[in-house]
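Below are two complexes that have chain A in common, paired first with chain B and then with chain C.
Moving on, here comes the complex of A and B:
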């Protein structure tokens, strides 16, 4: 490791009474990362973020930000700023005064405060709304005020608690890309909490998947999706067909696995050294579906048409039920395969993910 | 026999009118009518021993007297001054109490508020009488002071202006605490986290966030204490000295010692004006601010 990480989380445990919210987390986050903590409710992701902000203190372990141990450092003395899920805008202050609040606490000269507030509001395209009160703004505008208020202090880390949860879908998708663009421009590390896997995949450079207070897997979005290390991650991120099998032989990076659900022995190209009973994951888009092609025979039980793609629920002759997605690349594709049709499914040995059961 | 209760559209309309009319009837009978009577008496001719029935007239003698005799302006000013000081003291005591209750663990709010309201279960008069026992020359307070040797010869607090402040604070504290609690309790605590996150120490966050957001509670509580305190009669009469001049006492004296009902009514009318004008002005200003905010939203 050449450069020390910006944030180092070491064996952090957080208990609220009897409840174990964070159960031992080790994590390094580098400068310039857009890091996502992804998990369901109660996974401990928000508690971890609040410990970075200083609202909660770890029961055990320590948090180091930019070389400084944060033990006992209150929120107002930390080099981080947070964008709250509820935005937490001060209702009795104008937009400009909300953004200026953090700079006023630093005791900067008036003229510098005004300049930096103007810049921050320009950055989020709210220059014209500077004198409005928060309740006079739309949801999207409020979100941008919260963002401007959090970045105007030029923190080393920006913490975002479900930053887009309160926006409607269209606005959310656009804002995701705007946030990524802003993060690149500012070069500040973003640490974001989200329960929305699409959001994490779209925005993050790295994702930590959390469950029951632990980090289950850390990796780039592609690693998390293509190389899940557990059934939980495979199931949590995207659609997954999961089967059970038993490794029978291994040669030249190819595993031979007995998998009755997929019609007997299958091959998997993988670097894992799994042996004995394993779980096998094949993503739905990795299957090739056809009426005449080769592969395992089955019957289409149901078709879910989503516009850009369709999801086929196929009952294999082996008794297993799988999901297959197929792009509707040609307008005639939709409707080519229907409910009740006899089909064959095929896959390549590269697309088979093997993990210990 | 069981008749189906069927209310047609006509019946429903009358039912609605009745429900709306009830509070107005109440206001008319117990506020507007007595108010009109007092107003009428205040402008009738004042002679010695003017008690009802008075002959209605259009005379300003009673009002003229209020400005001629220095006693009345002095009493008004003194009442406003004492009420203002007492309100300020009540606010200083009530705010920390309301804050502590609003920030206490959720299960404690009910019992703590109950404790604030509990004294109401005893008659107001009895509680003020009880203070006489505590504050008098040989009362509980002086016994403790003498017994501990802290003060050798304490004078009596009873009969001083301080006794009035104490009485008003004691009696009206719940009226201060409840609106303050309501304002503080509904405050979004993530605002304080945001303030801390932006670099505000706790005391600074209180001054810049909590205090401004509790202004409606402060104003509400102050009005609820100030208004009755201005016209207060029982507390100055029982705890205050004979030389403490408050308008409530003057009013009582005019009614029952001088039996001069026109002057007494004029005193009451003027007190109403003194209290109502600033309140109306204040309400207007607040309403204007609200509409200004909403107007800019469009």
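Moving on, here comes the complex of A and C:
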């Protein structure tokens, strides 16, 4: 990166008493990014976000936002705003007063406050609800008030703590795209915490996968999915078939790997220089499943019909059990594969991900 | 339901309410009695109401009680709320459990003991420094020590389920700690402060024991006056006083109930409206 990053997190550690919440994180986030911190509960993602907001201070390391060291800078003096998981709307104020709150703290003239509040409410399509109280609004409307309140101050970074967790599924999917659209329009960097991998994949330009207070992998959604760097990431993001193997030879970017679970020696096209014992990941949609085609023989143990696709649990002759997904492209599938059918599975050397065990 | 059961239930209901309210009703009725004997009805009259209004002692005692109760309400709310904040917000400071126990002690300690303790303190203080003269000040201080504990408990429990992210949001939007308190925390705990104030006011208004110990020879609160005059024989003026108190308290309860009912109706309408826009 040639331009200095908007946010630089350097060797940040956070301890609460004996508990190590964040165990040494280094991370750069650029301007205009929609960055997702993805992890399970207790992974340290929320603590990291709260340290960016200034509610918690790092035990070690430092955080630099737009060139300024944030050590000792209280939340009210930081160029960031946060959208809370609970929305944290002030129940004793109208929607307009909620949005105006941050601007009033800056001591701006009344007319400018009114204009900017109107703009922000227009942006989230809540102009008509300006005089309502938060408890008079639906969940989706509250979410948008919280958003308007957080962006009206034009922060350099918008922090979002599980922004859509409280919405039902349909609304959540629609709102994800609206948020992305808004982020592009405003050009503000978004840093979002989520435990929902679909949400992170849908929205983020880059994702940091966190586990036990550390960042396990940082990358674009495609990199994280197609090139996981560890079993943890492969397992955490999407479905993964994971096998163990041993590298036997390497030539022209092709690894030969002894993998008993996949019937002996397999090939992998990869740039990794892994040697010795390795883990092999093949995503379920990368397998081709057929009754007559070539490939490893196996038996279908179970079929999970999901509408758009089906998940086949296949017991291979080698003893391994794999999951294969297939789109249900044909409404009346003539060659339907059912439970108990003998099948063959094949895959290309391209779709094999190899990582150190 | 058979007629018999229904009549039985109705009887039980009537009996229950009679048990609660007949004494009060009869007291009210007898405040309009002509006779100077409380128990003998001698016809309707406003004679004792007139006597009551001309009774300097009674009015003076009522005024003293009222002043003490108001001062007590404010000071106890301030002190109690501060203690409640400390208990709710700094959960890890050293000696928190001891402090917490000490705050609750006045709630369970016999008032007689608190009365004696306060009296001894005031006597010693007065001998050493000439202050305080026993009367308004000493009664008020004794009442404050007692009722601040109640306020502390109310505020503490209100803050226990206070959503801290509201304060964080305010701070995130640029409010300094004092502004956060003034614009977010205070308006949201205001109902708890009001009920704390009312409780402190009421505790002070009907306290006999602490006042008995800490009052000087010249000062007498209303409960003290009632208590001592009843021992000399009940005057119908007490009925008048009681009627006034019952009327005031009763109206306050009805008013509060009406306000709460209206607020609830409003919330229901809002919820209904919100459900329709979803």
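The definition used in the following text is that the second predicted complex is superposed on the first by the 354 of 357 C-alpha atoms of A that agree within 3 Å, B and C clash if a C-alpha of one lies under 4 Å from a C-alpha of the other, contacts with A are read in each partner's own complex, and residues count from 1 in each chain.
Keep this in mind: contacts are C-beta pairs under 8 Å (C-beta built on N, C-alpha and C of every residue); 3 or more make two chains touch, one makes a residue touch a chain.
Values in this document were obtained by computation on a predicted structure and should not be read as measured data.
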Clash or fit: what happens to chain B and chain C when chain A is overlaid?
clash
Have a look at where A:296 lands relative to chain B and chain C in the superposition and call it first, second, both or neither.
neither
Which holds for A:90: it touches chain B only (first), chain C only (second), both, or neither?
both
For A:316 in the superposed arrangement: first (chain B), second (chain C), both or neither?
neither
Touch test for A:141: chain B only (first), chain C only (second), both, or neither?
second
Touching partner for A:22 - first (chain B), second (chain C), both, neither:
neither
According to the stated criteria, A:81 is in contact with first (chain B), second (chain C), both, or neither; which is it?
both
Once chain A of both complexes is superposed, is A:201 in touch with chain B (first), chain C (second), both, or neither?
neither
Report, in rising order, the residues of chain A that make contact with chain B in one complex and with chain C in the other.
53-55, 74-77, 80-82, 84, 86, 88-92, 101-102, 105-106, 133, 135-136, 149, 153
Mind listing the chain A positions that touch chain B in their complex?
53-55, 74-77, 80-82, 84, 86, 88-92, 101-102, 105-106, 132-133, 135-136, 149-150, 153
Quick check: in the complex, which residue numbers of chain C touch chain A?
163, 165-166, 168-176, 179, 183-184, 187-188, 267, 270-271, 273-275, 277-278
Chain C partner contacts - residues on chain A that touch it in the complex:
53-55, 74-77, 80-82, 84-86, 88-92, 101-102, 105-106, 133, 135-141, 149, 153
Which chain B residues qualify as touching chain A in the complex?
188, 190-191, 193-201, 204, 208-209, 212-213, 293-294, 296-297
